[in-house]
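Everything below concerns the one structure shown next.
Order of writing sets the chain letters: A, B, C and D. Residues in each chain are counted from 1.
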Amino acid sequence: MCRWLAYSGSPIALDTFLLEPEHSLIDQSLHSRMGVETTNGDGFGVGWYGDGPEPALYRSTSPAWNDRNLRELAAQVRSGLFLAHIRASTGTAVQQTNCHPFRHDRWLWMHNGVIRGFSAIKRELILAVDPDLFASIEGSTDSELMFYLALSLGMDDDPVAAVERMVGLVEQTAERHGIENPLQMTLATTNGEQLWVFRYSTEQCSRSLFYSTDVRALRALYPDNPRLEGISDETRLIVSEPLSDLPGVWNEIPEASCGIVQAGQDELRPFRPRR
Amino acid sequence: MCRWLAYSGSPIALDTFLLEPEHSLIDQSLHSRMGVETTNGDGFGVGWYGDGPEPALYRSTSPAWNDRNLRELAAQVRSGLFLAHIRASTGTAVQQTNCHPFRHDRWLWMHNGVIRGFSAIKRELILAVDPDLFASIEGSTDSELMFYLALSLGMDDDPVAAVERMVGLVEQTAERHGIENPLQMTLATTNGEQLWVFRYSTEQCSRSLFYSTDVRALRALYPDNPRLEGISDETRLIVSEPLSDLPGVWNEIPEASCGIVQAGQDELRPFRPRR
Amino acid sequence: MCRWLAYSGSPIALDTFLLEPEHSLIDQSLHSRMGVETTNGDGFGVGWYGDGPEPALYRSTSPAWNDRNLRELAAQVRSGLFLAHIRASTGTAVQQTNCHPFRHDRWLWMHNGVIRGFSAIKRELILAVDPDLFASIEGSTDSELMFYLALSLGMDDDPVAAVERMVGLVEQTAERHGIENPLQMTLATTNGEQLWVFRYSTEQCSRSLFYSTDVRALRALYPDNPRLEGISDETRLIVSEPLSDLPGVWNEIPEASCGIVQAGQDELRPFRPRR
Amino acid sequence: MCRWLAYSGSPIALDTFLLEPEHSLIDQSLHSRMGVETTNGDGFGVGWYGDGPEPALYRSTSPAWNDRNLRELAAQVRSGLFLAHIRASTGTAVQQTNCHPFRHDRWLWMHNGVIRGFSAIKRELILAVDPDLFASIEGSTDSELMFYLALSLGMDDDPVAAVERMVGLVEQTAERHGIENPLQMTLATTNGEQLWVFRYSTEQCSRSLFYSTDVRALRALYPDNPRLEGISDETRLIVSEPLSDLPGVWNEIPEASCGIVQAGQDELRPFRPRR
């Protein structure tokens, strides 16, 4: 199990929420309180939109807390849209190609959760990937395969529907193999313009997911950080676990929901797998 | 393109042929003369039979020449049957799960060469892997997939036939996609008792493969190494490139051949893809 | 802060106490209960006596829990005398040359603890290293420097006295710089024949250190492991933190003591810094 | 032995000269023609001035040619002043803290060459480092020590004089130990405003060093790269080995010289060690 953070808003240095000594994702990598594992030391990644149409990636198999290059990079790079993820492997190889976020064209994708009984249904699922996309799969995780299934099922046209179809397909396949409660997920994905986040599990007992309520509350979290002074009211942070106990900062995303962060009004919709 | 070495014979410390300053695989990793690339710095691996029924693996993404742990390990571990491989990636990710040798149960497998047009036919080939073996594939190389195809096509019963079927399948699939001369390979595989090596390419212009002729000639290669004094007459070294220019040490394995190193008389047979 | 384990006794596979799913050092690397940090993911190392006069080392900057090569190696290598260490850096670079154990000739050395105010006194301490040994220092830790100081102060002749002089020197130097309570240490060192362990801190409040009492109690810890059936009565395990709560297995080494594990009767002596 | 590149001029993406398939530093890392070793695969680094007063660093022990993060980063980061270095170790540990460039406050430093007999004189040289700087030394190379000696000898006031004193000190110390021709170096150092490059060796037979003559010639090297269209006439590239054979692009820096790249007229001066 893993921890992640998605940011959308005024361009800001990546280290703001990743590397602060308190209330940051790195801090969580050593001391997660809500995660299944307290240590998330099996690699990490950050994906951001910068120069050029495609997002950039920095992924490493080191624990995030001792990676010096991450500190250098995160202090230099500014972005208005980025995803960051710290990994706790449940057995799959610790290698860059298994680190989130995953990228395809303009898309980024990251996941916390699991497909139960994955080894039993991996082959069937992989067959459902569009043959033209197949050779782009580089790693061996369930998370990356979920991404390629969603891409095959229409991400470019309707991301919410594509993810609903992907989940439907996974559940249907698992059902045929007698696997109970196959899917557990909190997901974030973006095309560089909108950001979609999902909280869902077959057993309706999903891992946590929170979004920041209000920019003023977010600023209060980091009173000493002048960078947060100028950020816009539309700035949003979505996190798998609150970065602090500060009351008023975090709203929980309800069970079986999808949130859409975008220019103008954000949206929160029920999420229903499609078969 | 890569370089490799297979050893079968009297138990010997792994560093004997891997790490000597001259006439060793590591020496070749920096200065290959026959390889397509002169540098093989994209990871390496060694697999050996020791305690227990399954072989052990040490694989790393560091260049072999600067990996200190390899030096320590290779000086301590003795084995009578081992495979060693240094990798030059042609674009596939540099990660442990893409380093040779690959292992499944008692089997080890390593490869120098390429499936041309691999991304176009990877999906079809992967479908031909036995569903029970499918989830064991960990990396993304053509070489590992060739291994799982051969395992699916009968390695346990008849390794030569299984490899001939695997090559037939690859060539047939490539043909349907209009890919010319799809396969280039020198292969070594072993079940811990026998060692099979193959030299083959569709275009009948295969990469080099050599076996040591005679233990006395091998000893002459390393006159200062007392370890070679006591090795048996059945000891064999098979290498993708000669470890020296010393005349009389190396015999080239003919184009489209399979060699079998085993107790008693070794064999050399023609290799014919089966469709 | 770190965790470590020293073994002396009948030759045994390294994974016995390092990698068992419960009651092992790796288990502690994720869930230390007595350590200052609960996570020890900043590299690890194991040093053992095998072939040849000098011990062998395997050290890596990966977290021990996800290092596949460690699992392979530790299942294959057997030794009657080995040291293993998992590291939690307090800021010093995560690199192989900072991983314990350290080696010089026949000696191995590992440390849990700290020299407080190290950056202020490092230069003076390094000047006290024998000039002939100076160039062998490879890393940047206080622990390695303590080793080279002890070597300079007579390890080959009288290891206990050498460590007492080293501690005296560190305390004296720190005093001149107004540093309070400069030293905190549990140490293990061996020349391949005897094993010395130390528990000491200037403030007389040292980190924990335990030795196994009785081989029968040790066997009871791993009831399913047949390897422990045949081990001799002289077998000893010394650990920075007990590998289990099982009563009767562990004795605490007293504050300011030195233990000597050797053929015949082991010894436990008071430890007194020498100035 | 190593290869390096220093850039000063209009802000440009780092990948321009580092990662082009031809005529780039990475290309040289595999196929150096003038270097002593043809392979430079023992780590690399890039240091650049971006946000904030101190330069940023990205250093890695992977071979530069297969480091994916370098490709991502170098495509995103733009700078008007950066140093890049690829390393071929001559035995010193391959670790981030031994990768160039080295950084202290606003300074960056990189080196190609060697102090001969370094292990014999390292201790004496390290004693000459300002005690306040001593604890900042992180690695074990001669190159980093040369940097700290120069910092101790007045870099902030007069960099050329400081380097001349450092070289004088090294030569004098070596002389006392009977080491002939102790120093071989091409150096680059910068404080974020000016860039100093040095070519010197005790034996007056220094490794190569070249600077770009004219921006038009530089543009001709990369005819398809629109980024070079807009760069200013003051843009300079200094390289340890020409990035191409194109006539008119490169001028050799003379034996025993120092070049200063700065706003206004650049300078070229004779270099004379000071004792």
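As a working rule, a residue touches a chain if its C-beta (ideal position, glycine included) is under 8 Å from a C-beta of that chain, and two chains touch if they have at least 3 such contacts.
This is a predicted model, so every value here is computed, not measured.
Shared contact partners of chain C and chain D comprise A, B. In whole angstrom, the spacing between the mean C-alpha positions of chain A and chain B is 40.
Touching two or more other chains at once are residues 68, 93, 96 of chain B. Because contacts link each chain to all the remaining chains, their graph is best described as complete. Across the complex, chain D is touched by residues 30, 37-39, 41-42, 61-63, 65-66, 68, 89, 93-94 of chain B.
Listed in rising order, the residues of chain D touching chain C in the complex are 93, 95-97, 118-120, 122-123, 126-127, 131, 134-135, 137-140. On the chain A side of its complex with chain D, the touching residues are 13, 50-52, 56-60, 68-69, 72-73, 75-78, 96.
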